[in-house]
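Labels run A, B, C, D and E following the written order; every chain starts at residue 1.
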Amino acid sequence: MPALSVKGLTKIISTTPAARALRSRSGRVDLNQPDFIFKELDFNIQTGESVAIIGPNGAGKSTLLRCCLSLIQPDLGTVHLHGKQISQLSGSALRKARQPAALIFQKHQLVTRLPVLSNVIHGALGGAWGPRYWLHSLASSETRLQAYQCLEQVGLADLAMRRCDQLSGGQSQRIAIARALMQKPKLLFADEPTASLDPHSGREIMELFRALQRSLGLTIVFVSHDLQHALNYSDRIIALKDSRLALDTRTQNETHNSLARLFSDNYHE
Amino acid sequence: MPALSVKGLTKIISTTPAARALRSRSGRVDLNQPDFIFKELDFNIQTGESVAIIGPNGAGKSTLLRCCLSLIQPDLGTVHLHGKQISQLSGSALRKARQPAALIFQKHQLVTRLPVLSNVIHGALGGAWGPRYWLHSLASSETRLQAYQCLEQVGLADLAMRRCDQLSGGQSQRIAIARALMQKPKLLFADEPTASLDPHSGREIMELFRALQRSLGLTIVFVSHDLQHALNYSDRIIALKDSRLALDTRTQNETHNSLARLFSDNYHE
Amino acid sequence: MSETTNLSCEKNPLSPSDLPTRQLIPSLVSTFCFVGFLAFFLWSLTKAEFSLTELWQGLPNMGVIVSEMVPPATDRIEPMASAILVTLQMAVVGTVIGVILSLFIAILAARNTTPHPLVYQITRGIINFFRTVPDLAWALFFVASVGLGPFAGTLTLIVDTIGFCGRFFAEALEEVDPGPSEALNAMGASSLDRIAVGLIPGATPSLINSSLFSLEKSVRSSVVLGLVGAGGIGAELAVSMEMFRYDQAATIIILIFALVLAVEQLSSRIRNRIINNR
Amino acid sequence: MSETTNLSCEKNPLSPSDLPTRQLIPSLVSTFCFVGFLAFFLWSLTKAEFSLTELWQGLPNMGVIVSEMVPPATDRIEPMASAILVTLQMAVVGTVIGVILSLFIAILAARNTTPHPLVYQITRGIINFFRTVPDLAWALFFVASVGLGPFAGTLTLIVDTIGFCGRFFAEALEEVDPGPSEALNAMGASSLDRIAVGLIPGATPSLINSSLFSLEKSVRSSVVLGLVGAGGIGAELAVSMEMFRYDQAATIIILIFALVLAVEQLSSRIRNRIINNR
Amino acid sequence: ETVKLAVTDLVGLEELQREFGAFVNVLEEKSGYDIEFLPVTNRTAAVEALRFKKVDFVLTGPAEYVVIKKRTDADIVVGFSRPDYFAVIITMADQGYQTPRDLAGHSVAFGSVGSTSKHLGPMQALADYGVAPTTEIKAIHTKMPVAWEALKRGDVAAVGMNHLKFLSFRDKEQQNKGMEPGAFRVIARGPDLPNDILMAGKHVDQKIVAKMKSVFTDHSQALVQAILTGEDNQKYSGMKFITAVKDTDYNYVRAMYATVGYPEYAEFIGD
């Protein structure tokens, strides 16, 4: 059973009037229309794999990750997460299906008015619930300790008490990563996790992911614009382009140049 | 007269209680205290130069750019922008001093509820004012055309009517760049302008900056974590580290490796 | 962050004593305030003679009054409808003018847009003053200067609206994400442009909510308009209650309720479009 | 974006005709609505007999009334102070309970937290109903069931608070940035956790503002408490005004004003700490 | 010519607050003036409007007359005589309050402050029976429907109100199959109260005052009929506008003000 299985996944840019009409007309989607974010994506990701997703800006990488966790509904196609079709689930079944998958958002999505430590502790809310996980001052020492260790892993333990709106871009990105680690995921979606990290920290984080993949059998799906990271830290590379799957190969078959070519004639068409 | 001249610039992390006490005590700052974001920075940037600022996360790069435009007040030291000491100015004098300098923020800071074209037109508000620059539907054809051309420069003319909260990360970054171009700056501060751009677009933007520098004599100060960009598109490299100026050299003296070494033993101290 | 030690939680064990102390009890001052408030609250609770059993036992009595309200009377539906129109007219004029004035005052009374802290203090004071002085006093002032009638009523509604919207607008402006506004500052835009473009779009849903609430409040404000002889639905309602025609009162309440629902539907639609672009 | 053509504005001239059409007139429907509203507003304006000259000429008369307010009377300062304490007590109980209930109701009545659209409609309806039914009717209900006195007054204040806070809390929840809440969704957190951690921190400044406004409103609400014979400062004020003792009224207004200022200072401080971390 | 006429706080004539079309029509027809009719819910506002010359005539109760007379000089145009216009103190028959003295130490509900027949009148009645209303009882001011409910529940020992109002409450109880009329007991009543009154501001032209005076006296019946168009008002028939009204008729009301603790309105002004 693959960790993630995507079949015929299609998403329309929902706000164009054309798209709205298109969808409302008897609920069927006309695949010959333009205005697709992506169209009929098919791929499986095996447990323990590390997959890099690359593609030009606006290709739909972030949208794809959102669809995988059913944060937005695709217009066609299915996503199976650990064997469960996620768009069919709701309520506690959906929560249970989401729990083993962590998503690091491109825009971090921290609760800016709370301190760093509380934000990291929130990562535990997938598995547990209740006020003891709302604020670090209410959490058990055990939880705090775990959160602290996650912060150590991203190298920011000394910022634990800082409010999240007083972090630099890279710091807040790393807190988002710590929060995802706190979730103890089996499947990690990371949307440009190293975009605002300095070269050294970026490498550290990718190596941390790689190590977790190897030691705990974590499945990792990360989006990156750093082709070198994609080449170094993945087993497989998927490229989105022109609303299609442009590439889906083992990493060892690719070079920096072969990947770069993907982007080069992308615009003006 | 240098385009930008920074002397003895010092900024404390303003929220630590220690720092607050430190500053309130008779208004003098004790330089031996910890908790500095940066301390006694000195450098001049000549008109027409392209300068890359590099440094680990949290080194204070974004804070430095904010100080340069007097968006936050430094605790010690002065910034002269085109010869004017900017922290001494206020009201319309300050506005006038800021007008020729554009800042592309790390977090883009677009008005998300307005369409892209309106956001780009806002770039003109530095030089002009009034309702005709508030919304694209109120703007003159001329202004709209200019905004459109700026959008073309970043390759997103077809998104002109999209609301800004419906953009991908890289798209919103490029809109922020277009807004800065609309300002017709003589000095361009760019805080990680290519962080969420795909490799091709990132290069395009940097080349656009380079071309503007060469053709219009634009002074460019950009922060980047991409050492290759720093090496390729700057005349000079400044590095911040451990709250000091760690490096200030001509670009041709440096290599990728020499720069990378700067970051490597940065943590755990 | 070092390359060797941080790959897994087990490798670098922290002990609980390494953790920063948890600040459950933030400070002596706040604890003191909190305990003081709690004591005051409990004391007040006893003074208020709070008793849920009494409320429960009394519910049937409430039913008696409700039963007198049904079926709602339809005998005066026509004058009532015209009264509601009159009220709506005065409410619209009072609220629209009040909202426009409030917006200007609020810009002076929000920390992040005020030209000077002194202006902030003064305008806040004025807004509070408008609210504190009771409606009857405003009615008297306006009656003395413009006489009885709809104009005095409208002026009182304007003052009411400023007292409410002035405050809520200012607070809404203060709550807006400062990012876009900082960006406009950085490019040297004028304060007015910064407010119009950086703050107002962020505050719009709040502004609409407060404005339409204010309109609804004006429609409901029987007191204000009755005081100055401006009539309207409020007077109808007061008279119906005074003459124990609870069935008539019920009809009026239903009419006002319909209006309130309509206004809220409008509010909800506009807000939803702005917030979710839907 | 191609490498050769876009380096400068001049190289790739666009003509104005290439631009997308500007949508100054958004749609026929909205234009129609706008014109309709404007017409209604102007019609109402004539009905309201709006006249600035009249207001201006009447200002001296206003001065006469003001002059009767000074010097504020101090003869009844003691009973007034005790009345203000009583009012504050009832207001605190009514508002605290009302705010707590409002928070629960608001969670059911906000689009982004409601468990079901039907629940949304129903709770919104209840909140609106609480506001629409006039205070006199609530007073009748509560007097019939729990008798005259502070308890009935407190209940009426609770209803008032829910009518106000229920709505403003719900709107505040709807306005919060959905990002953190989406992140909590993604990790499979329960709805309660998502609300507590993703939405409440974002809405806190608004919640505090509405709550403290509501407290202040309760203190000022002479009508509600006077109706059920619960007395308090509002009733004192009404008596002073009815008996033309404007100097006494002035004293009471000053007392209430001080209280309003104190409450607002508190609000402003807490909000400032939360918004700006200062 | 336009004449502004305000009406305020006429107990039993609430209907006039909202249905004054017929009344105004008759008045305009008979006087030849355009009448701007303003029903005001608050006596203070009406009084101040007259003081500041913003209204020409005010039709109001005795208590307001005393105040207006004190604060500004106004002329009596006509009095408005009504049958059974007096204050009563009502208790529940089974509660054992037999005399006003029995109320000492208990709560008594009254109408809004300053109202002749719901506040001043009943309090004076108590005083006449030797109970000091400001010290010996606990006075509660509220709206009459609320007071009625409170009386039935026993929250207050008695309610002071207008006799006609009492009758209408009793009728309503009966209609709604509530308490029988025998359940209530009147334990004190005051003398018939002085007339309600139509006053003219000092600024009004004497010609207009005279004209209005004649209209009210000559067409008293037609005007009263117009007031009583509403079906709810029929029981108040028998009212009449009369001209022979003297200021001294209101000295009893002045005494009331002294009784309730506002001696500033109690000075008798020359006769």
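Assume contacts are C-beta pairs under 8 Å (C-beta built on N, C-alpha and C of every residue); 3 or more make two chains touch, one makes a residue touch a chain.
The chain lineup, named per UniProt: A, B = ABC transporter; C, D = Phosphonate ABC transporter, inner membrane subunit.
For clarity, every value in this text was computed on a predicted model and none was experimentally measured.
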Busiest interface, counted in C-beta pairs: C-D
Chain located farthest away, centre of chain B (ABC transporter) as origin (C-alpha): E
Rounded Å distance between chain A (ABC transporter) and chain B (ABC transporter), as computed from the means of their C-alpha atoms: 28
Approximate Å spacing (C-alpha centroids) for the pair chain B (ABC transporter), chain E: 76
Geometric centre distance via CA averages, chain E-chain D, whole Å: 37
Multi-partner residues of chain A (ABC transporter) (at least 2 other chains): 15, 107, 155, 163, 166, 201, 267
For chain D, residues that touch 2 or more chains besides their own: 1, 58, 61, 64-65, 136, 140, 144, 147, 149, 238, 241, 277
Sites on chain E at which at least two other chains make contact: 42, 44, 48, 52, 143, 145, 149, 153
Residues of chain C defined as touching chain D within the complex: 40-41, 43-45, 47-51, 54-55, 57-62, 64-66, 86, 88-90, 92-94, 96, 111, 124-125, 128-129, 131-134, 136-137, 140-142, 144-147, 149-151, 153-155, 167-168, 171, 174-175, 177, 205-206, 209, 213, 216, 220, 222-223, 237-238, 241, 249, 253, 256-257, 260-261, 264, 271-272, 275
List of chain B (ABC transporter) residues in touch with chain C within their complex: 69, 71, 92, 94-99, 101-103, 105, 107, 109-114, 122-123, 125-127, 129-131, 133-134, 163, 165-166, 179-180, 183, 267-268
List of chain D residues in touch with chain E within their complex: 58, 61, 64-65, 136, 139-140, 143-144, 147-149, 226-229, 235, 238-239, 241-244
Contacting residues of chain C [partner chain B (ABC transporter), same complex]: 1-2, 179-180, 182-190, 192-193, 196-198, 201-202, 204, 274, 277
Of chain E, residues touching chain D in the complex: 42-44, 47-48, 52, 67, 71, 107, 109, 112-114, 140-143, 145-146, 149-150, 153, 155-156, 262
